[in-house]
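All chains are identified by letter, namely A, B, C and D, in their written order; residue positions are counted from 1 within each chain.
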């Protein structure tokens, strides 16, 4: 067990084909960046050539601009962090006018993450963002898990019927493919995935942050002003992998954009093998602005070492561990 | 912010009163050990004086002995671990005959964690364990989250109505107080807590492990033979604290035994302030058999430093962070 | 004016322990160009060692000094896991650095400008130490004065630099072991009195623990003295993308960002009770 | 017979690099009593350094040697995070130790007993190295023989000890650089042939990577040679409480535990394909 099995036939990194596709969407490689962890892109320009990314997901956009939550908004936990930013954003209009042109020029897949205060507001947001069709918006990533939104927003992300209806209305209103970003706080995530797929979603993004909390024992107060926040980072990776695998098994044809603690090429490969078609890097961007690109190169090298020629060869490829020989109270053949 | 506020009045560790109570159950201090992480106690005897514990929860007991799952059964993740032991146990009869006497002699609070294959099996287990009344069993800790059990076991832990009925039947059959250990995989944990409280549970244990997965990219197989397993350790602490706080706010009179990644005195204090009445240490026992006792001493010292005289003073004590002054576009008084 | 940030590798070349648990950590980064060469007082860097997966984000530290040869230093004290790891970092330890970050907008002192009262506490000293250094380099040592408060003698460090520079110091300790007894607001109040009686124009530039900044703000604003505060908020990224480091302000936006709009803010605009 | 385990602090006193990336790590633990003094071959310890919260559980290592003065050593190679950290542990590094663990039930060699064929691979050498050492100490160097396989020359270490002890060695490397070309099963097969032709009674004692153990098991059982395997399973606790280290067996129970029932198991009873 100690020695990792050596690859049967290993390749050179150049021989590895990283191209993949999320449904109809063809991507040069699987590595995108995640909503809320990449702002509107520009701020990363000093660190990297943004055109190297397969794509990016913007900070969540709402019809009207939104101020954020009071502070503190973030705190670190074991191998993770909690955030309660409050879905602060410039609003759809300003986004289209001031942020989209820059993103359009990059020529990468631009996913506009969006949400509304209520169902009508979601639809309004879609209608406003339709203006971005052909102007650079490739996908509308619909965030139905907004723990920070009051008005019964929780149900959007946890009740299949509600999610189905909301998704259908947005899909009908939209000229752009919609991918629904599911909440890991739902009791039955595969049911949620099926519900939004039935409503016409082109795929799902998994997972959003998991609601968590931390306590400052000195002040006797929560560490976040909103008490609860979203947990992200390596800590949630096993939960993300489980949900992605469950959804992929239940709906093999539904493309999944996987995320949740991805920080290395090996992490990325785990997600692909569990059933994700492409990937987003979130929290890792904060410590390392070029994380998505270093992960891409680690993935390339690891695939070469393991003799994996194409990303498309290994999506959802994991096989169960073979059963042990049947037990018997006596040693067979004695 | 960098400097932690100094305590207004600090105490000597001797002045700190650690005694607490879980409903009617009085405990000398909050630190117990968690089910499945302490076997049946004996194996820890070489490392510590077991009578120093406030109590312990046994490995989950079923009416009949059970073999465990195929291997691998465990794997480590970032600040956590996955396990799929398969609820292996000696069975109620052998437990009463071979394990209980040793535990009874310790004179600490013995919680017998139990489960069944189906509702009748749960009740059967209770009926068998009733024989332990007055013979050392203090609490029956009913585990309704057995991801590893086939027969629709999932519903016990995720559907309030099902949990309510199962709990009522067990409570009616039981001569011993029942505490229900809830599953964090449920969509609405406070609803689950209310459902079991209504059915007569004396309290709840929060949280059990969260279902997760890890992938071995070299073998292209899951790292656990059962594919999915339960995530425990520091990684899940923020989720545990959130659920405990939610349940405590929703049902302030329902005693909560808190657990999920507790590894230090500060962790323990966070759980108490979030609303737990007593605590269990699980995963930490593996690296440090005496973890629960060192945590107790850390808790004592930390409380002294912070000038907290009694555990009972701070259970569920956390207050919201005060609101910021109202915003205005112009500076007030200008 | 601030140069755009980059992320680069550096190595610890010196770990100097001062009294009171304070440490000056000096690192060697790339040369020509030295990414931090043009750092202005108040700007900061995000630092991260080989911390594995447990500690997720880098930690923010004001630049104490940065030279053209790629050397730079920060001053810190062990607080939690990250600062403890950095305080124990030995020579040669690899440190990933992002910077220079923040706009850092303390006014530069001028011969005919107001006297700048640098009000420091705890690990808030570095940006004011750099501000004083730059003033001295510009031959304006007399335009800045240090007002420095701490719990006790050991809480006041790097005093010899200011002495050497000939910068006037007003010290205060809570236990009275050095300077005046009490918080730094005691000498500040008197100094503002004096300025008022003299019709001397003064500016307050302050950095330190938030409770101290709140007291300084209240005092200075009550005297209508222009005041700049260098703030500390929890940060994940340091370059304006996580939106974690919000600072509540008055103005068209309800929040600005410590890392990109600050860390120096006009005390009047800060929305504090 | 095995002394009950305890947990104690130790410090690294020597970190000796062998070829092929193998390391012998020597630690100093408490003296009188030295917790590991009576360790028998096959018993192991759980080791953990100052790893913070990321690496959760200690790691298991067979005892290579343990003396009455509280010194003990293990042999390892960097595999994942934990072994890498241990391979880099410098002198003085604190290591928390739990042990001695396991029953470790290799038969002790005797003058009129069977010849023990010690079949080793990779990091499986330590328990067999200790078995040989004890045989030599008992003046029974001729009752044990080492069969040792690796990828190449660099994968075979501590050979000089066996030479010095006068223990017969049969080496094999996959690239043929030392000894026979192929897996260790090549010399093993021939040695079993010879024993059969001589009517010599032999026992196989083996430790190494699981694929090797499976091959050794199949070969030895086909020749009806009594075989003991020292197994490695993932472990969280090492003392029988997590039930993570299950070993599938035939017998009244379907699983036994590597840490408490083993790590040495009768090859016949192991439920392997």
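Heads up, the rule we're going with is that a residue touches a chain if its C-beta (ideal position, glycine included) is under 8 Å from a C-beta of that chain, and two chains touch if they have at least 3 such contacts.
All of these numbers come straight from a predicted model, not from anything done at the bench.
S.K.: Look at all chain centres (mean of CA atoms) and spot the one farthest from the centre of subunit B.
M.R.: Farthest chain from subunit B, going by C-alpha centroids: C.
S.K.: How many angstrom lie between the CA centroids of subunit A and subunit B, rounded to a whole number?
M.R.: Once rounded, the distance between the two centres reads 31 Å.
S.K.: Based only on mean CA positions, could you tell me how far subunit B sits from subunit C in angstrom?
M.R.: 44
S.K.: What whole-Å value do you get for the distance between subunit C and subunit D if each is reduced to the mean of its CA atoms?
M.R.: 56
S.K.: Subunit A to subunit C: how many Å between their CA centres?
M.R.: From the centre of subunit A to the centre of subunit C is 37 Å.
S.K.: Which positions in subunit C touch two or more other chains at once?
M.R.: Subunit C, residues with two or more chain partners: 53-55, 233-234, 248, 254.
S.K.: Going by the contact rule already set, what residues in subunit B reach two or more other chains?
M.R.: Expected reply: 4-5, 67, 70-72, 78-80, 233-234, 324, 327.
S.K.: Chain contact topology under the given definition, line, ring, star, complete or other?
M.R.: Contact map by chain: complete.
S.K.: Applying the document's contact rule, which stretches of subunit D touch subunit A when the two form their complex?
M.R.: For this pair, the touching residues of subunit D are 53-54, 77, 79, 122-123, 209-211, 232-234, 248, 250-252, 254, 268-269, 271-273.
S.K.: Which part of subunit A faces subunit B closely enough to touch in the complex?
M.R.: Touching subunit B from subunit A are residues 4-5, 67, 70-72, 77-80, 82, 158, 185-188, 210-215, 217-222, 225, 227-228, 231, 233-239, 241-242, 245, 261, 266, 269-270, 273-274, 302, 306, 314, 317-321, 323-324, 327.
S.K.: Which bits of subunit D are touching subunit B when the two form their complex?
M.R.: 4-7, 48, 53-58, 96, 98, 233-248, 253-255
S.K.: Would you tell me which residues of subunit B are touching subunit C in their complex?
M.R.: 1-5, 78-79, 322, 324-325, 327-332, 334
S.K.: Under the touch definition given earlier, write down the residues of subunit D that touch subunit C in their complex.
M.R.: Going by the criterion above, the answer is residues 52-55, 81.
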